[in-house]
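First chain A sits with chain B, and in the next complex the same chain sits with chain C.
Let's look at the complex of A and B:
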């Protein structure tokens, strides 16, 4: 897929600008997420505080990009690939903003968890899950930057792995709760963090769906992944 | 055209004319015969041109050179010669280019060539590993779309050649140092190095100093304590008194050095945490230093002249700002002769910056020492300064604190006239009450 083939140079620049802004926003979201995870794993209350309170830049960016997209639709009446780009961007930034929210949530729980000596030793499991999530988020943003739908479909098929990791943590926290009722509060908090991480993974996968929509023009939401892969990406 | 080919051509024309004349003699039609002869000559010329054209069009291969002599031969030779030359030049150019590319390619540093819009033009092998760029896919892609860290975006928009340190986006354990080198308006180089090892070593050094000073502190306290008891003991033989006094003095000095080392390593390791910032009245800090401590140190040998703005407040860490003031004022007293005036000023500049100035009218510091004053244990005059106390770490501590407060330190000195130390604090840290 090629961008930047318009007679109007300004139009080109506008579309390119929107895309770059999305990537900038993506960068911020990545940083927020990785710092929230770092605060959670290193039990760093100060960092968690910082992350929990710096969500507004991302929110502002969402509003700005949204407005710019509306303006492009109104003034330029984009068609075909350009229209798909604008529509995809509108959806991508919604998901990015949600990822930012989830990161803030993780930071919020990390703040609480950092205060107490941990009883629920789930550090290894959490770090495993967060590594997977970070690589999913990074790879889907890379796929969006490179307009690489093959990479996107690869990320989409990590679904099962993601759920497995999440279930491991759920099961563990239930075990901790059954062992000792005093653990319930912390175990619940850890479980909420895992839940937020899982949500970030799901949102990253949404990004991948938009990449495929943008590049191949196919809306693959709520369809059978195996079917899609066989039909459009036989070589992956 | 050289002479030989010229004469060939002339002979050829003479031959054509003679043939025409001969035809005229035989047939009796002079004009017709001449016209036919000349037309034949023109046709031959056209045929030669056509041959040359075909030969050139087919790539002017040396095997298929058209048979010719005279000027034609000369032309084909010339063409072949130029061709050989340009082929040679091309070969040497491509060899040079290959060498050059090979050199950049095998650099251990990841090198990315960017155009004016920060789009990737070229990248070497190391950048594929370090930055995970894939040149086949990523040519023309903006670099900040792939390395999306806010710090990198700031680096690209700011056009500074300063190096920045980031964690590798793909591996938390790897630290990268990035540098942007603008070559000209449409060409920039982004260089990335793996500095994890360096960072680790530096951290080890910091940890070592911190641990060593910490471990030395406890035994030293015990020694100093016993020395004090021995000093106060009435039964101490008189001949041992100077030895014990000197030992006590030196252990006190050592304690000071260790305290300073610990302060330094605290500043290095922890940095400033935001919630330690308080709004401080620097004027009252300066007053308390000058009233209580300076009298002790200087024994009224120096004249201290204060000029402080009592309403000007600074946001900072109290212990650290106090330490800056103490160090600078003590230095001004310690390293200047008796009777020197020391001016201490705290004021706001027109640019809203606040500055803390300590100016003395002492001997001044020779210019070659000034850049090294903030080095640890650096002494301008090895022999003299040791007797005056001090740990040799004061200026290093000052510089660290100044940097942590985003401030800057300026040292001006003229030998024979005196020295001025100025600390500029940025406007965002300054407020008025």
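Let's look at the complex of A and C:
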């Protein structure tokens, strides 16, 4: 799939500009998420504070890119791959903005958790889940940048692993709450962090669905993943 | 299409991509028109290469492609308009409801009353609005008295969406109307002889956006009763009015598919390049 080569150089530049802005927004969201996780795992209250109050730039980018997409639709009437790019971008930035929101939530809880003693075992489990989420997010953004739908389908297949990791933390939180009522507040906060991490994973998977739509022209949302894989990606 | 135009296209490197057959669904289950192995030559120059294509009953089929790709030439084969060009040689099977339209006993004039055509430039006769619409009916003796003819003229003008605007001026010259009205007058003239198929060769390229919108609405309405094949340079128009789209490229039929899929996810790279405004 090629972005350039339009007869109109300006149209090339407009689409390229939209894509670059999405990549920049993706980079910011990735940084935001990684710092929120770092603040959580390192119990760094100061960093958490910074992250919790810095998603304005991401929000503004969502609005700007949306506006640019509207302009391209109105002025250029994109078709085929160009149309799918613009539609995919409009959806991608919504998910990116939500990831930013989840990162801010994690940072918010990280601030509170930094002031308390660590709950035994929780830290290690959060670290596992965080690693998985970060790699899913990075790989999804990478798949979008390289228009790699095969990588996208691989990331979508990590669904079960993601839920397994999340469930481990849920069970652990419940155990801690049952052991000692004084742990409830903290265990809930850990659980909410895990929930936000899981949401980031789900949003990253949405990005992958848009990559497949963009590259292959197939809308695979709400369909059986195995079926999609067999039909369109027999090699993966 | 002139020879010079064909020549021009062939000299452009970005167009020299090999095409092996047609992708998509050029043939359908319930066709009005079936055309097979269509070749057209202008003198020594071949303009169309082995096109197989069906036009479905009551569908609007849009034909798109760069200048000189053969879409108008193909369209004009469907009512034997190319017969009027001495150097033009048409071969292949053309069947309208299973009947060979190039058969020796086929009367081209009668055929053209079954398969009407609307051209790029409105071409009303230098006669009154009434006589323009009544022309075909008189020629083919479709009505037996004045009252019937009046009725036919009125109905045709209503169907072409023009009656309200001209009902008090039926005896004024057709050439005095605006471009968009003239084109609707030509459509009224075409439908007055109750054709089965209407061919349109860039019917709105000489019209402003409002007149264009009126004609496009008309096409969609008319498709309930007639089969329509339209050649257009406006891809948005093809996307708006047609249910199937055929992409021609250097005399070959590259892709035919539902209009929705052609404009969102075309199968052939050349189709994608053309509709997105790229070459390569």
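Note that in this section the second predicted complex is superposed on the first by the 233 of 236 C-alpha atoms of A that agree within 3 Å, B and C clash if a C-alpha of one lies under 4 Å from a C-alpha of the other, contacts with A are read in each partner's own complex, and residues count from 1 in each chain.
The rule is short, and it goes like this: contacts are C-beta pairs under 8 Å (C-beta built on N, C-alpha and C of every residue); 3 or more make two chains touch, one makes a residue touch a chain.
The structure displayed is predicted, hence computed values, not measured ones.
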item	value
Contacts of A:188 with chain B and chain C, given as first, second, both or neither	neither
First, second, both or neither for A:142, with chain B first and chain C second	first
Partner chain in contact with A:82 - chain B first, chain C second, else both or neither	second
Residues of chain A at both interfaces, chain B in one complex, chain C in the other	none
Chain A - residues contacting chain B, complex	19-20, 23-24, 26-28, 30-31, 34, 38, 46, 138, 141-142, 145-146, 148
Parts of chain A lying in touch with chain C, wherever the complex brings them together	2, 5-8, 11, 77-84, 217
Interfacial residue positions of chain B with respect to chain A in the complex	137-138, 141-142, 144-146, 148-150, 152-153, 169-170, 172, 273, 275
In the complex with chain A, residue positions of chain C that touch it	235-236, 239, 263-266, 271-273, 275-280
